[in-house]
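The first chain written gets the first letter, and so on, giving A, B, C and D; residue counts start at 1 in each chain.
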Amino acid sequence: MRRPLIGFGLAAVALFGVAPLVLGDFRLNLLAKYLCLAIVAVGIGLAWGRGGMLTLGQGVFFGLGGYAMAMHLKLADAGPGELPDFMQLYGQLDELPWWWRPFANPVFAMAATVLLPMLVALLLGLLIFRRRVRGAYFAILSQALCAAFAIFLIGQQGTTGGTNGLTDIRGFFGYDLNDPLNRRTVYFIIAASLLAVLALTWQLIRSRYGELLVAVRDGEERVRFLGYDPANVKLVAYVAAAGMAGLAGALFVPAVGIISPALIGVVPSIEFVIGVAVGGRASLVGPALGAVAVAWAKTALSERAPSAWTYFEGLLFILPIVFLPGGLASLARLRPSWRRRQARIPAEATP
Amino acid sequence: MLKRTMAFVAVAATFATLTACGAKTDESGAASPDGAVIDTSGPTVKVGLLNSLSGTMAISEVTVRDSLQLAIEEINAAGGVLGKQIEAISEDGASDWPTFAEKSGKLISEDKVAAVFGCWTSASRKAVKPVFEKNKALLFYPVQYEGLEQSPYIFYTGATTNQQIVPGLDYLKAQGKTSVYLVGSDYVFPRTANKIIKAYAEANGMKVLGEDYAPLGSTEFSTIVNKVKASGASAVFNTLNGDSNVAFFKEYKSAGLTAGAMPVVSVSIAEEEVKSIGTQYLAGQLTAWNYYQTTEGAANEKFVKAYKAKYGADKPTSDPMEAAYVSVHLWKAMVEKAGTFEVEKVKAASDGITFDAPEGLVTVDGATQHIHKTARIGRIGDDGLITEVWNSGQPVKPDPYLKGYSWATGLS
Amino acid sequence: MTLVLSQLFTGISIGAVLLLIALGLSLTFGQMNVINMAHGELIMVGAYTVYVLQQVISGAGWSLLIALPVAFAVAGLIGVLLEVSLIRRLYLRPLDTLLVTWGVSLLLQQLARDVFGAPNVQTRAPEILTGSIRITDDLAISSSRVFILVLALAAVAAVTLVLRTTPLGRRIRAVVQNRDLAAVSGLATGRIDRLTFFIGSGLAGIAGVALTLIGPIGPAMGTNIIVNAFLVVVVGGIGQLKGTVIVAFVLGVLQSMVEYTTTTSVASVIVFVTIVAFLQWRPQGLFTLRTRSLA
Amino acid sequence: MSGLTIRGLTVTFDGFVAVGGVDLDIPDGDVRFIIGPNGAGKTTLIDAVTGLARAGGSVTFDGQELLGRKVHRIARMGVGRTFQTATVFEELTVLQNLDIAAGWARGPLTLLRTRRAVPPEVEKALETVRLTAVRDSPAGTLAHGQKQWLEIGMLLVQNARLFLLDEPVAGMSHEERDATGELLGLLSADHTIVVIEHDMDFLRRFARTVTVMHAGKVLSEGTVAQVQADPRVQEVYLGHAVGEAV
């Protein structure tokens, strides 16, 4: 049990010590964005790798968190009693719609970034898991949900900003985001959140619940005969993953300055999964590292050859999943498995 | 165990705060108060080209990139700007708005470019606008758009609404059309354009018989066309974008609707789109732009010839390409008038700059940072080219907020 | 009344398009539980086949007719290639197949972009398919839609005939109903899988040919339709041809009716919500294959 | 009324009658073997009792109706079962398997904490099913017989009072069969046990009572000797090698 702690220490030193010293403002800001994606990936790793639920609908939860945060920041930018800029331009409204109003309160908005996605996931999960919708059905249903949510947001231009989304976010709880120092602080908040999410997931994975979740993944019906309702077991992981996606969405807003339906639809939602598959779906840090690596590769490659990136992305979906289902994390495990140690993978695979 | 982990995070966070403070002084020189830092140390000056080279918008934006590169080549061949050759750094926006924001940040802070040219969709412009404003860097935006914007760090070389939509409506009114049906994609430009059209119609005795929006990328138009047909409108105003146009016009023709009986005025169909939809479905329909490949004049002949020589005889030129081409030349003229690449001085020098563009003479309006452009209505021919059937006679002064139109007072 | 009728026909024609694009999926998804996200790109392959053929054959009508079998063969072969090289390795990992075929769809799209260029390409339709057929004075229905409806029904009939009457069909049905039993009974399930995949992908090619009549032909054309196609299959019930047919038409009519009274966006959202609600009621789809399954 | 009572149980699949009106009484502490040719409806009977298959009629256990309840509710009432092919969680260790089986009543707080010690009932079950030595091995690496024992161990810690065992000794070696038989004898002291089995030799040695099913109905019932003497049973098994293991 020492190794995970050492891994944690290394990660903390890398994120808080090395990265800010080595990277310039622009690259550090990029890293902040990648870390947001990593937070989503940790949740997907939990739901998919540990729980067997391929959630192709994380965009919805990411979006809910992001919009909740962006709505508050837009209201704060506009000042009390004022409408956000886009509403004045495109809306037909003279006053704030009722469902915007609570977001003026910073505490409510912050809570909503995580709780709102979790609540939606809870309701959806109750419907879906109780009716034993799973596997392919679950995956396709969650995709359809993304598509519907994105179309819905786009259609409400006057109140959601439509395709544009909510842009031009200038302040973050009173701090000016134009100030490089404040942007740096945002990076640190994101890095700390990632570590906290990793710690939380680590605890979940190694708890009795974590063992039960794996059991449900491998034999949902069997677990039923042991007196458990698998729907509840899955629900916990699904809701936790949704909360993480919401948190990531909320942090994405100050880091990138925009949240839009383009981050919610079918394509971005499936792209969230790619890093998880590459890094190792069932491991703890695999998904996070995979997400950061893929996002970094996207930036690096598309700066050189845009069409090469699409080919590369296609291959990223194919090669690791076909030939290395355990992802890169399974490479790190090769040695211990020779010694036929426990086949339990996750908790030990910290970097 | 959890407690220990939490303690660790807490320690790490403290460490972080310390590093953050330490970094404070090193980084303060990054953005100067007079505008973005521009790297002019070498024999060249860098500019950024920011277009979607992949994804759904690549269809249109690649042609803009090509056209920008043509202009840069011409300028370099003629000796460059202020004696420096232009070095273009092309970035892919990947049809994804946050990526546009990311890449513009990279061009400004890492490459230290003197100006960025590009963006197509309003959403991508809205995404990068704060980046340019924050860094006090320049963006030249070459596409017709919905107006209602005037960023101090963006020059708009495409048409604003009073240079495209309003003349389109004037033309329909002059043709005796008394009712219109509005069809558009579900995003900012069509919704704003239609708001303007409704205000115009009300003031000019035209009837708006219906208004429909299809999600971007939607290719199922049978219901909308049914509605259009049932409305009996005398014309259709089309603000659809991209793929949707193909499906819409195929359905339109299938429903037995013709350009003679119920013409469609489109504001997003240029020569390139005509080619991919097919004249079989489009011949006779109308478009509203400021430039066509067939526009007369020596400047256009030169432009079309140069473009075809570089990219192939079968490649048409279109309005956004021309506006992009013009934007580089205007920037050069501004820089040379200012005698420096410094953003604030370039902006200050911009008012009154003229250029003998392929579309005719254009003049920069320093107050709005838009340009005076001639409005032109065209008809799509069987050969896929668009020929002008009407023009505004002289360049129209840009009016992004439609302040000069009494019927538009309630709009913004 | 005329409006209701014409809207009803619109709904049926939307349903016909849905049916045509979902038919092949119904086969592959039903038999192998394989979620082929590259199905949309196989449709794209069919559409580009028309484009390529029209470079060679000038008559729009002939080229379209010839394109039907050619597109079937080309898309079918690509499907088989996909099955042999990738999908076979992922037997029993249906969710992984979903991601892998998504990767394949990205590759095929970019390939199309590099070969044919990013812009949409243009194909010619025979004049007879660009007009409309007049039924009464106010009611006219578009001839391309009629063509697609006929094509979709013919495809369903052909697939039904193959499944019901030929030895191959019997084998396919045996594998759908109980793969292990079929394998134990000496059926070469691998070969049957490949054949099913050929037919299913080939049907995508035919759908692509039909889509050139009504929509754009470009690298991204597949992504716009794939989710809807899957929903049709899922709601219809896995391995249930009649479910796919009924659901396609019901969704088509629902979409067109709701869209007529509201907007396209609202209609799409309502259709999605209806589907989620429906799956609450029947999580296995409209029709289910009932067998005694072990835990 | 204690024990398992089945009245008029019917199960149909799409018109096919798998179980057609079965009455069965299994008193507390019985070791009941259910035999019958393939397709007689034995496994379906268990499926119906445990809530997996929808059925008509009535099934009561300790006076409480089981039919219409959900699978996990029935399990919580003390009805446990195993499967023809041993189904354990192969990626988890033996200990983890047992710990999960012992845990449905745990509260959320306990679940979210890490297991610190081996619970005493798990410790005891490990010894009973003789798996203490392989406690930390993944269940997937166990021998076939060990997996069946693990399943029985899971029933033990689950606090099941009624064990429904579906062909527990199929594919086992002689030694393993004997050990399993002894285990059943041990367990019968405070559990009611129902075993579906084809192995006639095993049946003769360990059954207390036997029910013979055929074509969805109960054909005969009684002690081993009584059943073997029943001419109808001989008729059904005619042509079948008696004692054949499938």
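Please note the rule applied: a contact is a pair of C-beta atoms (placed from the backbone, for glycine too) under 8 Å apart; a residue touches a chain by one contact, two chains touch by 3 or more.
Since the structure is predicted, the reported quantities are computational estimates derived from the model, not experimental observations.
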item: Of A-C and A-D, pair with higher C-beta contact tally; value: A-C
item: Most widely separated chain from chain C, with each centre as the mean of CA atoms; value: D
item: For chain A paired with chain D, centre-to-centre distance based on mean C-alpha positions, whole Å; value: 44
item: Intercentroid distance (Cα basis), chain D paired with chain B, Å; value: 72
item: Where chain A and chain B are represented by their mean Cα positions, the distance between them in whole Å; value: 33
item: Junction residues of chain A - those touching two or more other chains; value: 151, 154-155, 203, 219, 221-222, 224-225, 307, 310
item: Contacts with 2+ other chains: residues of chain D; value: 52, 83, 87, 114
item: Chain B: positions in contact with at least two other chains; value: 1, 54, 186, 213, 215
item: In the complex, chain B residues that touch chain A; value: 1-2, 4-6, 8-9, 11-13, 15-17, 19-20, 23-24, 27-28, 30-31, 53-54, 91-92, 94, 96-99, 101-102, 105-106, 109-110, 121-123, 126-127, 129-131, 134, 148, 186-188, 191-192, 213, 215-216, 412
item: Parts of chain B lying in touch with chain C, wherever the complex brings them together; value: 54, 56, 58-59, 62, 186, 212-215, 217-220, 222-224, 226-227, 230, 243, 246-247, 250-251, 253-256, 272, 275-278, 280-281
item: Chain A residues within the chain D interface of the complex; value: 203-204, 206-209, 211-212, 214-215, 218-219, 221-229, 342-344
item: Residue ranges of chain C touching chain A (in the complex, touch as defined); value: 29, 33, 35, 86, 89-90, 93-96, 98-100, 102-107, 109-110, 113-114, 223, 227, 230-231, 234, 263, 265-266, 268-269, 272-273, 275-276, 279-280, 283, 295
item: Touching residues (chain side chain D, partner chain A) in the complex; value: 50, 52, 70-72, 75-76, 80-81, 83, 87-93, 96-97, 99-101, 103-106, 110-115, 136, 138, 140-141, 154, 158
